[in-house]
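As written, the chain order gives the labels A, B, C and D, with residue 1 at the start of each chain.
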């Protein structure tokens, strides 16, 4: 159980036009599970490779348990990487795969056997020792990979999109398993994902990474609800961004003047609101604060909910409405939208 | 880095490591020419001698690597390393290459079986150790005044090589197919014209094919005397006109109408053995006996020489200027001349190559042993050959004839 | 270790070895033909070896027959090799069949040449069978295939040797392409022949052409096969070069190098071609 | 046809398909058989000659069984056993060195982009298409000067020229299909670089590397001209000894030597086929 500190990491791959990671700072308290979320190609995996020692940073420091990692080879860092592709060694049995790290450390075979059995119990695959990787299902393979990573009791567990190749059902199971295993072992874990829901679901802390830089870091709910910057907000799914002029607790936007729940920070340039936080009501009544008349431009059925695009003044808003609430509406119907002040988040950038 | 560097470097060093030959303290060239032979024997003891010779006959190989090597080891403690080559020209080439590369000492070749233009090339290039030959103790059994010993294809030997064997040209036929072979060149040529497709000869510069062409040349020139002595362009031109004309006219009657020729004597031998043609020939008639014994020729093979004369030569051993083990080479050259070793080599059961010694210089018992050696029925009697022997042309003549053949007949 | 140094260490041994031995040897050969032998400290610039070699009366004919043998062998070997691969691919030839096809890969050229001489010669096995069947009387009645000016036995020997090589490459290409494209073509209405002609062949062609180029260049430079099976005249280029190199006349040697350099020049033309053809096959182009 | 076949009961469908496939299968099999005969034919007289002598035209079958060629080949004075050993030593050394130099280079070419890549590729491919005679003639003088000409190490070095490109090409294609993530994974799990090599890279690539080694071995084993020139005729390998007896017209001895010359290559082929088959079997049983 170790604290991991990343200090202004920068890494540029040879021949690449810009750095994959730039001035990246992150503090992972010991024993926590942090998710690192960002779009594809933002440099998340590079951060993991840098921590694992599979790539060397051009600048910056990595501290694991207070130890600077510069020049320490991967096998001596105690940081185990587990990827989306389970990367089980195809020429070894499940037991040999799980026991690999221990074998490399010269651990007594009897000890290896018992630890392997324990780990397979933990990942709920008891008795599969003699199987070959090719005889496993995708979910099983991923569990074996998790067991293989955990068995060496690493200081840090680095998970690189471990769920993205799994079916939706399995994803949830595996997510729970990872969460449980992390709790049980207390291994400091960095979990990389591009799925923002996953990112906030399992984590103690969530970090958002955009274009090689750390954009936001905090408790999952904070990051989700209070993105602080336009880019983070967009990435976290706050589709509606309204530029505006701030004046005390009100802001003038293209759809009208909105009232905020709290005074905005001075650097705020826009407000954002998530589609599911906007309320839609029939008719054109515009009574109440932050309520505007609009008309429905399109309706898109999404199963659990309906996504409505509404025209409000000169702008468009995207609204997510529970399916049954949307039942009475049709394209072209006049409606009223209400933007609750507490759901409006001022952002900068 | 998947492979530790020290392993790579270690293997590289291993691969590049040169074999360091242990050598006895070498005698100077002068010492080799002047010192008592015992000194040379002492200097050679425990050493090695690399003997280069044609390696395509397992009987020769077995003789050299077997009894000869054993005798050298037993008597002098010298290890004989036989190096078989496909063509003696390769050895000449090796020595030329070494000279060109500036390898003036520690050369690969200690002793080489050689004669003719190969000898001339090395001698004129100054690439041989000279002046020791007649000083070898066993040199007293050799008649150095015999022109066929003193001149190697017209090149004076000058103590630069030591005679080993004598050879005379003979033709072979299959008595089951050809009752009575034509015994003069004129009759032979008539036979060829009368039996189209049943004769061919190996294309010069094959050693034996070239010898056959020289026989035709001497016939066309009206006898060996016309071509004797040093090379003369006018005499050559006159003879060439007739000889190449004759060979050209012969082509339609040859195997495959003379469009192509066997490239070496082995091919001609196979054509003969499989009755594709009715004659083969060789500068060393014991080959016919050996060939019957090892299944290369039919049992009914017999041999003969032209009544109007057959070429004779001597083959020698020589020591290159840069030989690494000159003393051991001299000891071996001397040993090859010993009557006992010459007798063993002349035995058809061992090899059958005719001796280079002058029997008159041996004890009567020794001489009798040579005369009493058995003869294979396929091999022409030595006295039949000796009667008809003609001296070889000089190497210049030889080269001009070969070159002319390639240009005028071969293509 | 920085990645660039690691990379250099991976490449360096091969580059040094090939650069030193291959390029070094080639450069030494070239400068020697103009009279420079650095290791013997000789420096007498001259073009004599070039004029000597180019005046060699058989040179042009030798070049032509060598090209003829290489072209004919390559064409036939490639066609048969691809055919064998298709058959093996389809019939899924057992391990034994595959091993037998590959058997010739293990046979040194000199052995194949010798065997071919004994098989195809006018008194060889086939001639004897023909005699046994009453088709010929004397060896001379059997067609002259060995040592003939058309190099028939040479070509047959190369074909026998190189078919397995082409087949192995073609099998690998076929395995890489898989049967899906051809099946798709068949589903779209192509006949088996059309499917091969328009779909499978274009996909495997680069590999086949590369293999054919290697075969061509190899045949161009091989000494032992024409030495055993070629006629006394004209001589294949490698035979001519080797005979000149081992000639008793030391002045012939740089000329021999000129002849083998001419051979290499043809090889370089092949290299340019193969570089174009190699695109898309072999690991060289598959870069992460 | 597909729909029809699917509608039939399973067994009947299989019969119909087999019947439809038969004429084609027969033609294919006959064509293959014919090709096999063509490929193996030149080797048959070689084998027959090794156990007979005096086998003259027009005899189709040799009149005598005679093993004296084998006796003579295996006699201590023939030099053939020594040449066989020498050939094996040379081919194994050349293969080992070519693998040592070539496998890392193949990996670099398959997995990395770097400046000068094109040049390296050209250098690697060049020995495949430039006949070795010119190169050998150039090397000859240097090798003589430094004492490598006519020595086994010299011949081994020369054999690296034709073998290395094959090793690099084959290993490049092997590495291009290799997931280097497995190596990273192993490092991350605590394996040192040499442990990764031993436990992950080599076992996984063994089949491909076996093919590379087989090619190298066969290429070296088959060399004639290079050995003759660089060896100055003093490093008699099996092909050289064979040629000596061929040019001497000793078909019986040449036949026996030829058979011996083929054996190690066949052995290498069978060995690598077994490695490949074992790898394939592993894949099969586990899928």
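Heads up, the rule we're going with is that a contact is a pair of C-beta atoms (placed from the backbone, for glycine too) under 8 Å apart; a residue touches a chain by one contact, two chains touch by 3 or more.
Worth saying up front: this structure is predicted, and the values here are computed from it rather than measured.
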Selected pair, greater C-beta contact count between B-D and B-C: B-D
Central chain (distance from its CA mean to the mean of all protein CA atoms): D
Centroid comparison with chain D (C-alpha atoms), farthest chain: A
Approximate Å spacing (C-alpha centroids) for the pair chain B, chain C: 36
For chain B paired with chain D, centre-to-centre distance based on mean C-alpha positions, whole Å: 39
Length of the line joining the C-alpha centres of chain A and chain B, rounded to whole Å: 89
Centre-of-Cα separation between chain C and chain A, whole angstrom: 58
Of all residues in chain A, the ones touching two or more other chains: none
Of all residues in chain D, the ones touching two or more other chains: 56-57, 97, 100-101, 104, 107, 113, 141-142, 145, 157, 193, 243, 246, 251
Multi-partner residues of chain C (at least 2 other chains): 4, 9-10, 13, 37, 39-40, 123, 139, 245, 253
Touching pairs among all chains present in the structure: A-C, A-D, B-C, B-D, C-D
Of all residues in chain D, those that touch chain C in their complex: 24-25, 28-29, 31-32, 35-36, 38-46, 49, 56-60, 97, 100-102, 104-114, 120-139, 141-142, 145, 157-158, 160-161, 164-165, 168-169, 171-177, 218, 221-222, 224-225, 228-229, 238-239, 242-243, 246, 251, 254, 258, 261-262, 265-266, 268-270, 273, 277
Residues of chain A that touch chain C when the two form their complex: 14, 56
Footprint of chain D on chain A - complex, ascending: 15, 49, 52-54, 73-75, 79-81, 83, 85, 87, 89-91, 100-101, 103-105, 132-135, 148-149, 152, 158
Complex interface listing, chain C residues touching chain A: 2-4
Of chain D, residues touching chain B in the complex: 52-57, 66, 68, 72, 75-79, 93, 96-97, 100-101, 103-104, 107, 140-142, 144-151, 153, 156-157, 193-194, 197, 201, 232-234, 236, 240-241, 243-253
